[in-house]
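Paired with subunit B in one complex and with subunit C in the other, subunit A is shared by the two complexes that follow.
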Partner chain A sequence: MSTTAYLVGLGAAGAAALLGAILPARRRLFGAALLSAAACLAALAGAGRVLVSGHPFSLHTAQVLPLTGVDLSLDPLGALFVATTAVVGLAAACYSVGYGAHATPSRTATAALPAFLATLLLVPAAASVATFMVAWELMALTSLLALLTEHRRRPETRDAAQWYAAMTHVGAAAILLGLVLLATHAGGQTFSAIAAHRGRRSVPLTSAVFVLTLLGFASKAGAVPLHVWLPRAHPEAPSPISALMSGAMVNLGIYGILRVGEDLLGGGQLWWWLLVAALGVVSAVFGALHAAASTDTKRLLAYSTVDNVGLVLVGVGAAGALAAGGERLLAGLVLLAALFHLVNHALFKGCLFLGAGALQHAAGTRDLDRLGGLARKMPATAVLFAVGALSISALPGLNGFASEWLLLQGLLHGFASHSATTEAALLSGVAALAITGGLTATAFVKALGVGFLGQPRTEGARGAREVGPSMLAGMALLAGGCVVLGVVPGVALPVLDRAAAAGLPGGAPSALRVGLGLDLASLHGAIEPVLLVTGLLAGILVIWGALRLAPRHAELRRPRRAEAWGCGRELQTARMEITATSFAEPLQRVFADVLRPDHDLEVTHAAESRYFPEAISFHQRVDDAIERVAYGPVIAAVAWWGRLARRVPNGSVHRYLAFGFAALVLILVVLA
Partner chain B sequence: MTATFADVATLSAASPGLWARAGASVLQVAAVAAGGPLLLGLMGKVRARAEGRIGPPITQGLWDLRKLLRKEAIRAEHTSAVAALAPLVLVASAALAAAVTPLVTTGPVVAGGADVFVVVYLLLMGSVALALGGLDAGTAFGGMGSSRAMTIGAISEPALLVGILALAVQAHTSNLPGIVAASLAHPGWLASPQRLLALAALVVVVIAETGRIPVDNPSTHLELTMIHEAMILEYAGSDLALVTVGEAMRLGLLLGLVANLFFPWGVEGSGGGLAILIGLVVLGAKTATLAALIALVEVSTAKLRLFRVPELLAGGFVLAVVAVTTGLVAR
Partner chain C sequence: MTAGAALDVVELAAGVVLAGAVLALWRKDLRALISVLALQGAALASLAAVLAVGDGDVGLGVVAGVVLVTKGLVIPGLLTRVVRADPGSRETAPLVNVPASLVAAAVLVVLSYLVAGRLTALFPDPLTRLVPLGLATVLVGVFVLVTRRKAVSQIVGLLLVDNGVALVAFLLTAGVPLLVELGTSLDVLLVVVVLQVLATTMRARFGHVDLDQLRELHD
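Right, the complex of A and B next:
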């Protein structure tokens, strides 16, 4: 049953890609989106059944791939990722109808989204090294194609695509190397054969495999310092694709780490997981700082993805470390919290990326400094974006708070493990969580306050109109998920419990009691978001009602409108409003050592006297310091090598013949 | 739901009935709502006396509120629903935090959900609401105030969370009644180095979160130095009354929280009428002492430059991290 539903979903997504490529221009968009949505629903049904029943399925066909055949298997861990992808995919498919409607989209653009979706659904079900690598590469290629669809409109897209292609292929090469190394020593290339061979491999071998695959998976997940493609690719991709990349694709990096580290290698060494946690801590803090300093909506969201992936990695690393120390209950709790945060991140970040796309669609720009006042022009988008922004800021009653609280609880109770190195990792995890909390709130108050409140700063923002119903429906689906999982987080627990147990070798006992809220039965700690939300709404209503009803004079009951205070000056203009750049300036100055902003001040003087400036221009850029420091030299070296190599082929046929001869001689010498 | 509370009930000494707990929560909200402005009045009085002035009476804050409530609320043109909602959310979140914190009794109504991180994030909710409200009118001052307030909030949050973690690790729970009950059971903890370090960190945070000198000057109206006052410049009448009372409640709540986490004696667990009355008086005395101490610090120090404030807060964060480490090493 679950097998059929899943395969139908996969097939429908493939068919949608085909339909997008062959249908006539008018029907193309709608047809592909409809079939993609159906594919997501079918895949969700299949994955949901695996999650609810806890019974995995697996199948093998020899027909599709030569030599190895295709192995598919879906256990609760993989099913959680398929289900998350399906929900984000459903919203993105729905949204894409309105998003593409303003200009007839090309065949490639229409086909790319379902094709990308199909590969995203396929990866978590791949159950052999060959199948996994094929699915992984297909995902890389389709996402690259999807990223490039708007390259005619924005030349920066090509630059972003180059970065993405380079990073993703270096990562894939590392994963391939690691998995092949593993498969040759395991006596089989299916995951079940490798997992059955767990205890019989040497530590140096498994460590090499783990580090190689971690390199690849961390670059897909966007962990610092392998994150450089993310703040370039996510902003340049069309918004439904950005939502899928951030809400579904980066998750698969986490999936890969869990699948290889825990399932195939069986947990392994403590230091592996400390390394993962360290990557997480650095990513979380670095991502949050850059998100707080960014003024481009989608760049801000991309850095915030780095931040959230970091938090998930902290959880995964802490879970692995606790499991390596034999603390199964705590390991299960922390892994559950990490997976919960990952699902929540998919929901709110998907919603926010779709919202950012709506902004760009309506106002023509993603730059916060050029937006403003959009809450009055597009109230529905504003409310849905606000739900996402407040969820990610971890305000109680929304899903970000539920998973961050659970992660904090897991780390807090992990201190009972009595292993000094694990405790150091847990403490840095809590510190990272604490540092990112306030920074994330600042970043999203900026996005929400500067983008949607105040007065419009440009003509584009002034002329913005509310986006169409299909785009709103896509955002509303994800925002609704944020609210439901925030108010009654308990409903997700049974499913998450199964996924977390499947993610740890040998399973893990459940630390949580089933209910509407979150309750750590034996560990003492609980929250009841339903009561909190009820209390908050009741409080607001009571105060509002009292202020409306209590005054005796009628004019006190309704507030009067008047011009804002302008220091005695009349006429406030939008030029006087604070911009996103100015909003972030204090934080940027505080963290100048990490962010390293570039300033460029140019003063032109009047011809008469140098004491009277005629014009002052100030430019500021916050580039990625890691990109400059770590990647600059590598790129320079590759470019130098390229220039050197260019000297070799100078067009002379004689020289090429000589090369051929030399190569032949060399081969003969080597073989002899 | 009753199953949820069972554990906490065993942690705290007794489990009063639902109505008694609801009554206790309402009492706590009322105590914080009335006590917050009084604490502000007390701080003003202490400052005035230390400077050789007589100063306004301690009840001045309450009279100001009465005056503001009798004036009409004026909102700036172009503001959205955020400007109207922000003061309501500020007061409601502070009230909810006061209802779940064990201030007078360890058995408030949602004891099972009375988590210290819930209180921290409810306070964050109020801060976010005010910052968004500051941006809503689209004026230069409001935005500048929001930016500065969020910056300081972002840097004080880590010190707050990690400082609290030091206590939670010691008590093996982040459940507030649980921490208070565990502290009562182990009086020796009060003098432990991790508690003292955490106390120092949290005092820095309380000063920053409530906008006192040396972080912010609550009595300034000079553009360049304003943080909080810039953010709320557009509020008038009943809106301003709400913002004022909300801020006072946050001060009272934070002082009460610090007082009960570090000096838990007098918090009543059994729920009897007389015991609650005693708890109320003890809470008043503890918070008044802390408020007076902060006021004395305010008189004797100058306000820091905005860009020196992060150094103070980073110091608080380091103290908190050292507190947790000390606790782990000492175990």
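Right, the complex of A and C next:
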């Protein structure tokens, strides 16, 4: 039953890609989106059944791939990723109808989204090295295609695609190397055969496999220092694709780390997981800092993805370290929290990316400094974006709070683990959680305040209109998920518990009591978001009522209306408002050593006197310091090598023939 | 014809094919190169004819006829027309000079004997012992392709490769099926026609047929 539903989902996504490519222009978008949505629902049903019942399914077919055949298997861990992808995919498919409608969508653009979706659904179900690598590379290819669909209109897309292609290629090569190394020493290439050989491999071998695959998976997940493609590719991709990339594809990097590290290698060494946690801490802080400094909406969201992936990695690393130290209960709790945060991130980041796309669609720009006042023009988008922004800032009553609270609880309870290194890792995780919490809130107050409140800064923002119902429905689906999981997080816990238990070798006992809220049964700590939200609403109601009833001075009785974020001034122009750049300026000053902003200030003086400036122009760029320091020399070296190689083919036919001849003779000499 | 005499003819023909390839390296006159090709074609045809008589194979006899017509007559005739359009044209400055080319040819022959040892060991037989000659012809042909500048020399190099392949095929498989031989002969003929047209066009457009001066096309 679950097998059928899942396979129907895959098939429908493939058929949607085909429909997108062959249908006439008028029906193309709708047909592909409808079928994609159906595919997501079917896959969700299949994965949901696996998650609820806890029974994995597996199947093998020899017809599809030569020599090895295809092995598919969906356990609760994989099913969680399939389900998350399906939800984000459903929203993205819905949204794409309105998003693509303003211009005749090309065949490629329409087909790329379902094709990408199909590969995203396929990867977590792959159950052998060959199947996994094929699915993984198909995902890389289709996402690259999807990223490039707007390259005619926006040439900068090509640059982003090059970065992405290079990073994903290097990553895939590392994963391939690691998995092949593993398979050759495990007596089989199916995951079950490899997992059955867990205890019989040497430590250097497993460590090499783990580090190689970590390299590849971390580059897909966007962990610092392999994150450089994210802030380029996510902004340049069409918004439904950005949502899928950030809400679903990035997750699969985490999935890979868990699948290989915990399932195939059986947990392994403590230092592996400390390395993962260290990557997580660095990513979280670095991503949050850049998000706070960015003025481009989608770039801000991309860096915030780096930040959230970092938090998930902290959880995964801490869980692995605790499990390696024998603390199974805590390990299960922390992994559950990490997976919960991953699901939540998919929901709110998907919603935010779709919202950013709506902004771009309506106002024609992503630059916060050119937006403003959109809450009035597009109230529904503003509310949905605000839900996403409040969730990601971890405000109580929304899902970001629930998972971050759980993660924090897990990390804090882990201090009793009696291992100094683990405790140090947990402590830095707590610190990272704290600092990113603050920075993320800053970033999203900026996005909301500057983008949606105040007065419009440009003609584009002034002329913005509310987006269509299909786009709103896509965002509302994800925002609704944020609210539900935030108010009653307990409903998701049994499912997450099963996934977390499947993610740790040998399973893990559950640390949570079943209920609507979060209750750490044996570890002391509980929170009931329903009560919290009810209390909060009651408080607001009481204050509002009290203000209505209380006697007031005559002057206070006369209402005076002003724009929010307008400082209550009588005369307010858009030029007087705070901009995103100036909002982030204090933070930039504090963290100047990490962010290294480039300023360019030009003052033109009046001819009569130097005391009267005529014009002041100010430019600022915040480049990625890691990209400049670590990638600059590598790119220069590759370019040098490329120039060297270009001297070899000089156009002479004889030289080309001589290459072939030399190769032939060489082979003959070797044979003889 | 006795078996011994037939083998003598086959050995002679194979030797002529390789000797022709070496001759092609030595002579600079393009006309001489073409006569070398005609000689090789005749040798191959006689080799096939002798094998056909020995086996009583009619198909192979037809193949011998096809080889004689295409490799011995038609192709040399086509090439002669190219050269006639440009009398006195010679391979003046090969990329590797003649003495060095001959030394290289010697090395290639030794190499092909070393490599073919494995092939002949599979089925030791008077015919398979001659396979190194065919391999050496192929290698010398590629060497001509690499080191000679004129378009006609390039065609000759290609045909040398083809003759070497045909020789190996005759020796190893005891007769190529008629259909295959017809197909390859037609292919080669087509290539020669195309190259003839190209060479003529090159002369008309650039005033020379030196491939090495074409590298501006690269950029």
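We take it that the second predicted complex is superposed on the first by the 629 of 672 C-alpha atoms of A that agree within 3 Å, B and C clash if a C-alpha of one lies under 4 Å from a C-alpha of the other, contacts with A are read in each partner's own complex, and residues count from 1 in each chain.
Operating definition for what follows: contacts are C-beta pairs under 8 Å (C-beta built on N, C-alpha and C of every residue); 3 or more make two chains touch, one makes a residue touch a chain.
This structure is a prediction, so every number in the text was calculated from the model and none was measured.
A.B. asks: Applying the touch criterion given at the start, work out whether A:Ala607 contacts subunit B, subunit C, both or neither, answering first, second, both or neither.
C.D. replies: A:Ala607 contacts neither subunit B nor subunit C.
A.B. asks: So, A:Leu668: does it touch subunit B (first), subunit C (second), both, or neither?
C.D. replies: A:Leu668: touches subunit C, not subunit B.
A.B. asks: First (subunit B), second (subunit C), both or neither: which does A:Asn650 touch?
C.D. replies: Second partner only, subunit C.
A.B. asks: Going by the contact rule set out at the top, does A:Ala103 touch subunit B (first), subunit C (second), both, or neither?
C.D. replies: In the superposition, A:Ala103 contacts neither subunit B nor subunit C.
A.B. asks: Have a look at where A:Gly372 lands relative to subunit B and subunit C in the superposition and call it first, second, both or neither.
C.D. replies: First partner only.
A.B. asks: Return the chain, subunit B or subunit C, that is in touch with more residues of subunit A.
C.D. replies: For subunit A, the partner with the higher number of touched residues is B.
A.B. asks: Is A:Ala658 in contact with subunit B, with subunit C, with both, or with neither (first, second, both, neither)?
C.D. replies: second
A.B. asks: On subunit A, what residues does subunit B touch that subunit C touches as well?
C.D. replies: On subunit A, the subunit B and subunit C contacts do not overlap at all.
A.B. asks: Given the complex with subunit C, which residues does subunit A contribute to the contact?
C.D. replies: Touch residues, subunit A against subunit C: 649-654, 657-658, 660-661, 664-665, 668-669, 671-672.
A.B. asks: What residues on subunit C touch subunit A, complex-wise?
C.D. replies: Of all residues in subunit C, those touching subunit A are 95, 108, 111-112, 114-115, 117-118, 139, 142-143, 145-147, 149, 211-212, 214-219.
A.B. asks: Could you please specify the touching residues of subunit B with respect to subunit A in the complex?
C.D. replies: 1, 3-4, 7-8, 11, 69-78, 80, 82, 84-85, 88-89, 91-93, 95-96, 99, 110, 112-113, 115, 117-118, 121-122, 124-125, 127-128, 131-132, 134-144, 146-148, 150-151, 153-158, 160-162, 165, 168-169, 172-175, 178, 223, 233-234, 237-239, 242, 306-307, 310, 321, 324-325, 328
A.B. asks: Spell out the residues on subunit A that touch subunit B in their complex, using ranges where they run on.
C.D. replies: Listed in rising order, the residues of subunit A that touch subunit B are 292, 372-373, 375-376, 390, 393-396, 401, 405, 408-409, 412-413, 415-416, 420, 423, 427, 430-431, 433-435, 437-439, 441-442, 445-446, 448-450, 453-455, 513, 515, 517, 519, 521, 523-529, 531-532, 535-536, 539-540, 543-544, 547, 551, 555-556, 559-567, 572, 574, 576-578, 582-587, 589-590.
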